[in-house]
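A, B, C, D, E and F are the chain letters, set down in written order, and residue numbers restart from 1 in every chain.
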Amino acid sequence: MFYTDGKLQYPVRVDSPNPLYAKMLQQAIGGIEGEIRVAMQYFFQAWGARGPKKYRDLLLQTATEELGHIEMLSTAVALNLEGSKPAVEKGVGASNPAIQAMLGGQDPRHYLSAGAAAMPVDANGVAFDMSHIYASGNLAADMYANIAAESTGRLLATRLNELTDDPGMKDMWSFLIARDTMHQQQWLAVLEELGGPQALPIPNSFPQGQEKGEFSYAFLTYGTEGTTPPEGRWSDGPSIDGRGEFHHEIAQPLGDEPVLSSPSDASFAQTEQVKGGPGASPLSGNPDRPEQMGGGTMDKLKDKLTGES
Amino acid sequence: MFYTDGKLQYPVRVDSPNPLYAKMLQQAIGGIEGEIRVAMQYFFQAWGARGPKKYRDLLLQTATEELGHIEMLSTAVALNLEGSKPAVEKGVGASNPAIQAMLGGQDPRHYLSAGAAAMPVDANGVAFDMSHIYASGNLAADMYANIAAESTGRLLATRLNELTDDPGMKDMWSFLIARDTMHQQQWLAVLEELGGPQALPIPNSFPQGQEKGEFSYAFLTYGTEGTTPPEGRWSDGPSIDGRGEFHHEIAQPLGDEPVLSSPSDASFAQTEQVKGGPGASPLSGNPDRPEQMGGGTMDKLKDKLTGES
Amino acid sequence: MFYTDGKLQYPVRVDSPNPLYAKMLQQAIGGIEGEIRVAMQYFFQAWGARGPKKYRDLLLQTATEELGHIEMLSTAVALNLEGSKPAVEKGVGASNPAIQAMLGGQDPRHYLSAGAAAMPVDANGVAFDMSHIYASGNLAADMYANIAAESTGRLLATRLNELTDDPGMKDMWSFLIARDTMHQQQWLAVLEELGGPQALPIPNSFPQGQEKGEFSYAFLTYGTEGTTPPEGRWSDGPSIDGRGEFHHEIAQPLGDEPVLSSPSDASFAQTEQVKGGPGASPLSGNPDRPEQMGGGTMDKLKDKLTGES
Amino acid sequence: MFYTDGKLQYPVRVDSPNPLYAKMLQQAIGGIEGEIRVAMQYFFQAWGARGPKKYRDLLLQTATEELGHIEMLSTAVALNLEGSKPAVEKGVGASNPAIQAMLGGQDPRHYLSAGAAAMPVDANGVAFDMSHIYASGNLAADMYANIAAESTGRLLATRLNELTDDPGMKDMWSFLIARDTMHQQQWLAVLEELGGPQALPIPNSFPQGQEKGEFSYAFLTYGTEGTTPPEGRWSDGPSIDGRGEFHHEIAQPLGDEPVLSSPSDASFAQTEQVKGGPGASPLSGNPDRPEQMGGGTMDKLKDKLTGES
Amino acid sequence: MFYTDGKLQYPVRVDSPNPLYAKMLQQAIGGIEGEIRVAMQYFFQAWGARGPKKYRDLLLQTATEELGHIEMLSTAVALNLEGSKPAVEKGVGASNPAIQAMLGGQDPRHYLSAGAAAMPVDANGVAFDMSHIYASGNLAADMYANIAAESTGRLLATRLNELTDDPGMKDMWSFLIARDTMHQQQWLAVLEELGGPQALPIPNSFPQGQEKGEFSYAFLTYGTEGTTPPEGRWSDGPSIDGRGEFHHEIAQPLGDEPVLSSPSDASFAQTEQVKGGPGASPLSGNPDRPEQMGGGTMDKLKDKLTGES
Amino acid sequence: MFYTDGKLQYPVRVDSPNPLYAKMLQQAIGGIEGEIRVAMQYFFQAWGARGPKKYRDLLLQTATEELGHIEMLSTAVALNLEGSKPAVEKGVGASNPAIQAMLGGQDPRHYLSAGAAAMPVDANGVAFDMSHIYASGNLAADMYANIAAESTGRLLATRLNELTDDPGMKDMWSFLIARDTMHQQQWLAVLEELGGPQALPIPNSFPQGQEKGEFSYAFLTYGTEGTTPPEGRWSDGPSIDGRGEFHHEIAQPLGDEPVLSSPSDASFAQTEQVKGGPGASPLSGNPDRPEQMGGGTMDKLKDKLTGES
């Protein structure tokens, strides 16, 4: 259950409203690197957390913070869309090409759909889509997803900070960038608790003996003849998890060309796709193979649909 | 530029075709944890790579491998949709409730749209959407995104392996799980080359002096009175990057309640939203504040649209 | 800024875990009628609210409540995915066709992607997409959007309640359905404060004299000859807003067939689409009309792109 | 079944073609507040209408009208993309910054994908997605969804009207805004027939005695200590439906912190998430609770997949 | 402008309602091969048609027909969701495993969201997305898109027909399949009028002399050594358009490895990505190349945003 | 399995970097007419190909080529985002309105999300969505989909070529346009092998005797009285497939108005929707009809969910 005092976590001030900057800020709200993403990701990881309770609590606390960051940025967008008095006083009016250009790039839906307020969309007006929420049930996998989110998030923040000279906006970013620093650290701290690199690969509860070990630490390359493979930490020496030796191999196909069955009647392929068609020999269909869906499972699907059992 | 020999990287064999397992396999093709995602992510990271050439080459090589994994899994789906002769021989026909149940859960589009073949969709038939491709221009951020992808990818693979007893399918997974192990290691190896934890926070090219340092290593909690904050590696001791000390603080709002301007005429808010409306005192609109979009920038947008400059 | 105590607003108990019901519950989390939708809609309306402060506060409070409802439902999903001990005790094991059928319909991603936890998706596994958040800047329009959301939300809740006999789940619904009742009432109360039906049409700040009044209260029908138009409150008598008289008219086209210009060279239409093509007479292109994009604006676009000004 | 005479419902004339305005107009075609949305929403409500026939007919008639509005707006877009002869005559050529700015903001796909014609996308080029069609089977819920659609629709229309000085475009809007007025009235008229506020809450066929009545008219707030709750029509006095008394309460958590089971083996959580992990005491897993998916239902899923019943 | 008589173009009768078949039918409504797609595609092609008027009229007429097909199929879905009396009379009740299995696969949103009616979604519940509407401004390109739509549409129809034994449904399909036959023919007839194969390539208004002719009729293959290229009509003999000779070549890279510039400061790449990093030699950055975005255009973007011109 | 040499299929050179052109180029990468679409479409068609092996091989070869085209275009985007030195030398600096305008239109995510590199999105920043991949299992249907893709693809290429004067870019397009020419020819060649127009309609394996023949070659029009139907190749003479005679008919409704059952209790329609409601006579519900979902199938769904069989 949640509570609010209606206040901002950190002051949001816009000295020179700028509708194009408002558009840019949307990336930090509804972009894949933005705050809706981290808030919702941590919430869903918390609500589904199994194992030590402290990780659930940690996720829930930080999710609650991120919700406040969406609030801050939405306020920043609204303020950037208010009448740009200071800009006008500087003499940059409608006849100034720079202002014209600026307006040409603003998000039309900030006016048309929202009447001067933030929307849960990115800098191109594409709505955030919750398929970006990663909550896998494996804590280590989730932590890497979280570090990735905070890394692209802090990167976005530094770029947005770079694009403005507004003192209010720069002050806001100095706070939000610091929080991203902490959140990167925080999820790395969990990984350290979970055993660090030695606890890899993820998931570590899968018995590694069941994987084909000769490929587990092999750096395979797919260059044509004469291509030099890239060398580095990954091509030689002990693996990061300490369970193997990195070594380089040129990849070879271990399988043949796949052979599918002929199309079944129920699939309504072109007549020419079945035996005796224009490219009759060789067929991909193998006479020793059963027919595809239709000969087998499709008939049963029909039986089921028509109630004949 | 790319080449193919038409062969599979590793043999794909299905002993007992199973249309419901075909549906499950789709998650590894078009799911967010799947092979299209990693192939395309590594390709776009490679094509936009700036900095040492070897990382570009590494990304390009591994992307090329992942393309072959989509091929393997698509073949596995097609084979699982072919007539389930072995199942029939075991005597599980149309009148068997287990088979009926199995069919009830299959993806109808495997027949309706594809005629018994794989599609670039997930296990629920939702198409893969390229917004999931992360390629940020920052190599370390990208590496964490890649480890996250390979971690959720290997986790998915172990779960799909768990759901089958088909020897062919289990053999395929023993290979693909091993490759995911290597790919996790590989991206971790790049991070080690890039300086490891000491090279954090990401991006490390942003001068950390510009962030509000007092919040960079503070573990903030948002519990109501009486809530116990979770303690761990993140709440005490040196930070992972060695640049600060973790410490716990109870979060306090540093900002006030935000005050937006009154709605402008051009926004066509309800009349009751402007001064003197039903909740007239206090207003959120501040008379000392400029009007919002419409009083200022909106008029200019109109001027521009109507060609009056 | 937000706070949490980690507790649930109302107890969530599942007596007989049921993975198919878990799938159904997803509609109330990530469906268009679900809780993410209302939480985010009220948040964005609050953060962009202009006019009397009390409406902003009201929206913010209720958004905060709805966040707790997502939490409750996510917990309900997780509990429904836990081992169905009671079901097993009732003797419905793997060999029972009813259980088999039930499993055939469960969301495979509950296992594959989430490891037995809720996801921000609907009952078909389609992720929630933030384009469903309506926050228009007009308070009355937003209130109608909110009533619509709470109406479809309560409707969904009654249907989900109908589908279960689990005492825990039914108890949860008795609470959530009551809250939907209140939220419907709440937004209707705001509309009453804003003037009720007399304050229509929305937006009421647009001077109604600028619309073509003869069509403002005309019930137009489009039936072919002999079709009887539906009669009701809308076809006769004073309008709901008291500003006009409803009356019925059979719609007539007031415009002609539209005539577009010929395609320009820059559009690379087929050669046959220009004058003298196979259907040369009559052309849709009007010689008195300027050419389309390409003859005019497209050339300028090219000039701009090539830096020639 | 449908018919057409190829004519426009109302004349569409563009005096000064303007490609940026063409982009803005797209919001009224493919935006969530646009005409595709209402046309399709009314069609699907009509085709699934159950109950008195006249509502089905009413929905079908209005849907048919809205289809003609998409036609009008698509024509308006095409005409705005034709060679801007008048603009050129006014002397605003390629070297004019205002024209340059205008072009900078146009939708590139109007040229690249459509060759100077309308597309079913919004003002940012995002395609309309049919998940926005609400047709719930409950007539009152649908009516509120329709009023919401017509309210945001008319709001959008007034904003688009505000952005243009083109006499042709303004004439078109004077008609379309009037129709939105009528459609708001029309759906309100249906609600009046259905009983008005007394017929609430929606759905009114659910026995209200089954909801926890003490929460049905309680205005709950979630402020931290010292926060003043917003007062208004919703916090005191009889409810709008006349079935209860509004009253204010400060929300209290009625549930505890949720406790999920330990992760099962089949979920492949990290080893550290199970008992004895780094945060071993206290666990979120409750030994008295059954295991989650995997211990129970997941084994059955596997049994089913592997044909062992 | 459009009209309706409320009747169905062809009778829709369901003898044995079947909710799983209702789900399958959704593919023909909201699937990419379905009727919303063709209706909307033809409408948008018509509304943007330039050139001979008769093609516009043809598209408009057929679009109007397709709208009636959505109506027929939506009716079919609603009827399939009504109480399956006949099925019950045949004795297939709740205790029958076949019925259980059938229900396990039905679309839960048919009940939860629609209360027993059609939705604009596909057989997996994924909403139709208007990005599938192709209307390019080139009549021949559009015709091929239309034939593709009618081909996958008729294929889907034959598969849906295959899955049912219901006489009413089979009768409906016998009509709809015939209409798909005609629509394939119709668009082929337009292509014949436009000049047939001799009028290729599309667009034929682009001067073919501007393309690199040596690649225009070359069948390039990308096999590794030893791979046999597929031979057929495409590898030898005159081209279909009669303007060239097909011939086979083994593809060779004509370009080098691409070299991008070093990352600029403004892009906040990792420090290690710039010169002197861990893989310092060779760099992908070329000292003779200008810096990327940030050195050049990014600074200007900032200047613009900060109003300094 | 796939291989790469890291080289470009054809040289990609940008003489005057242009960020707005970079945005336009995105349409050819992630647009529906772009290269990701064709690459993935041909791959999935190949991996699911049944019938003569040579078509599988042909599809696989061309898919492999298209992958290299994505690589070329991604390189072109990255190069267009590098510091526009030549432009600067021409004297078009930050104070130049043309440059300002250009920047106003660039994709902000090229900087914010990618740091100056290509993304898998279209010219409006909308990510490519794999639902656009058509692979139907019917070779002829797929070929038409492929010709449509190559036709809109070549059309897009000519338009992008038109928008640039950059010699490097124009050289690249002269190659890519030629390849599109070949690919159109190639798929047409397959159709010729499959029997050409005589092998229609698609699918030709469906017995045409099962369709209602009187509608198979009838050109139906839906004009109101007085509307002239468009005449052409489609309205008279032998059909293209030689199996019928084209003829014109004015469409007549052959079905009645559809009648659905009354809403069931379980659907929670408004009380007023059932018999005796405000529009009680006539009802759409037919007393001779079974109740809808809920009376029948819905009860069973509940039984199943509650384990009562």
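Please note the rule applied: a residue touches a chain if its C-beta (ideal position, glycine included) is under 8 Å from a C-beta of that chain, and two chains touch if they have at least 3 such contacts.
What you are looking at is a predicted structure, and each value in this text was computed from that prediction instead of being measured.
Trainee: Starting from the defined contact criterion, work out which chains touch chain B and chain D both, please.
Mentor: A, C, E, F
Trainee: For chain D versus chain F, which are copies of one sequence, does the interface use mostly the same residue numbers on each side, meaning over half shared, or is it different?
Mentor: Both copies, chain D as well as chain F, present different residues to each other, with under half of the numbers appearing on both sides.
Trainee: Looking only at C-beta pairs in contact, point me to the busier pair out of C-D and C-E.
Mentor: C-D
Trainee: With chain centres defined as C-alpha means, what is the inter-centre distance between chain C and chain F in Å?
Mentor: Distance between chain centres: 25 Å.
Trainee: If you average the CA atoms of chain A and of chain B, how far apart do the two points sit, in angstrom?
Mentor: 3
Trainee: Quick one: which residues in chain E touch 2 or more of the other chains?
Mentor: If we look for residues of chain E contacting two or more partner chains, we find 1-9, 20, 24, 32-33, 47-48, 50, 53-55, 57, 61, 64-65, 75, 78, 97-106, 111, 113, 115-116, 121, 124-127, 129, 131, 136-138, 140, 152, 155, 158-159, 163, 193, 202-203, 206, 222-224, 232, 251, 253, 255, 258, 260-261, 263, 266-269, 279, 292, 298, 301, 304, 309.
Trainee: Okay, in this complex, where on chain F does chain D touch?
Mentor: 20, 23-24, 27, 31-33, 97-98, 100-105, 122-126, 152, 155-156, 159-160, 163, 222-224, 226-227, 251, 253, 255, 258, 260-263, 265, 267-274, 277-280, 282-285, 292
Trainee: Mind pulling up the chain F residues that touch chain A in the complex?
Mentor: Touching chain A from chain F are residues 1-6, 47-56, 97, 100-101, 103-109, 111-113, 115, 121, 124-127, 137-140, 193-195, 199, 202-206.
Trainee: Residue numbers of chain B touching chain F in their complex, please.
Mentor: 1-9, 30, 36, 40, 43-44, 47-48, 50, 57, 60-61, 64-65, 67-68, 70-71, 74-75, 78, 113-121, 127-131, 133, 135-138
Trainee: Name, in rising order, each residue of chain B that touches chain D in their complex.
Mentor: It is residues 16, 18, 20-21, 24, 87, 90, 92, 96-99, 101-102, 155, 158-159, 162-166, 224, 232, 266-268, 279, 298, 301-302, 304-307, 309 of chain B that touch chain D.
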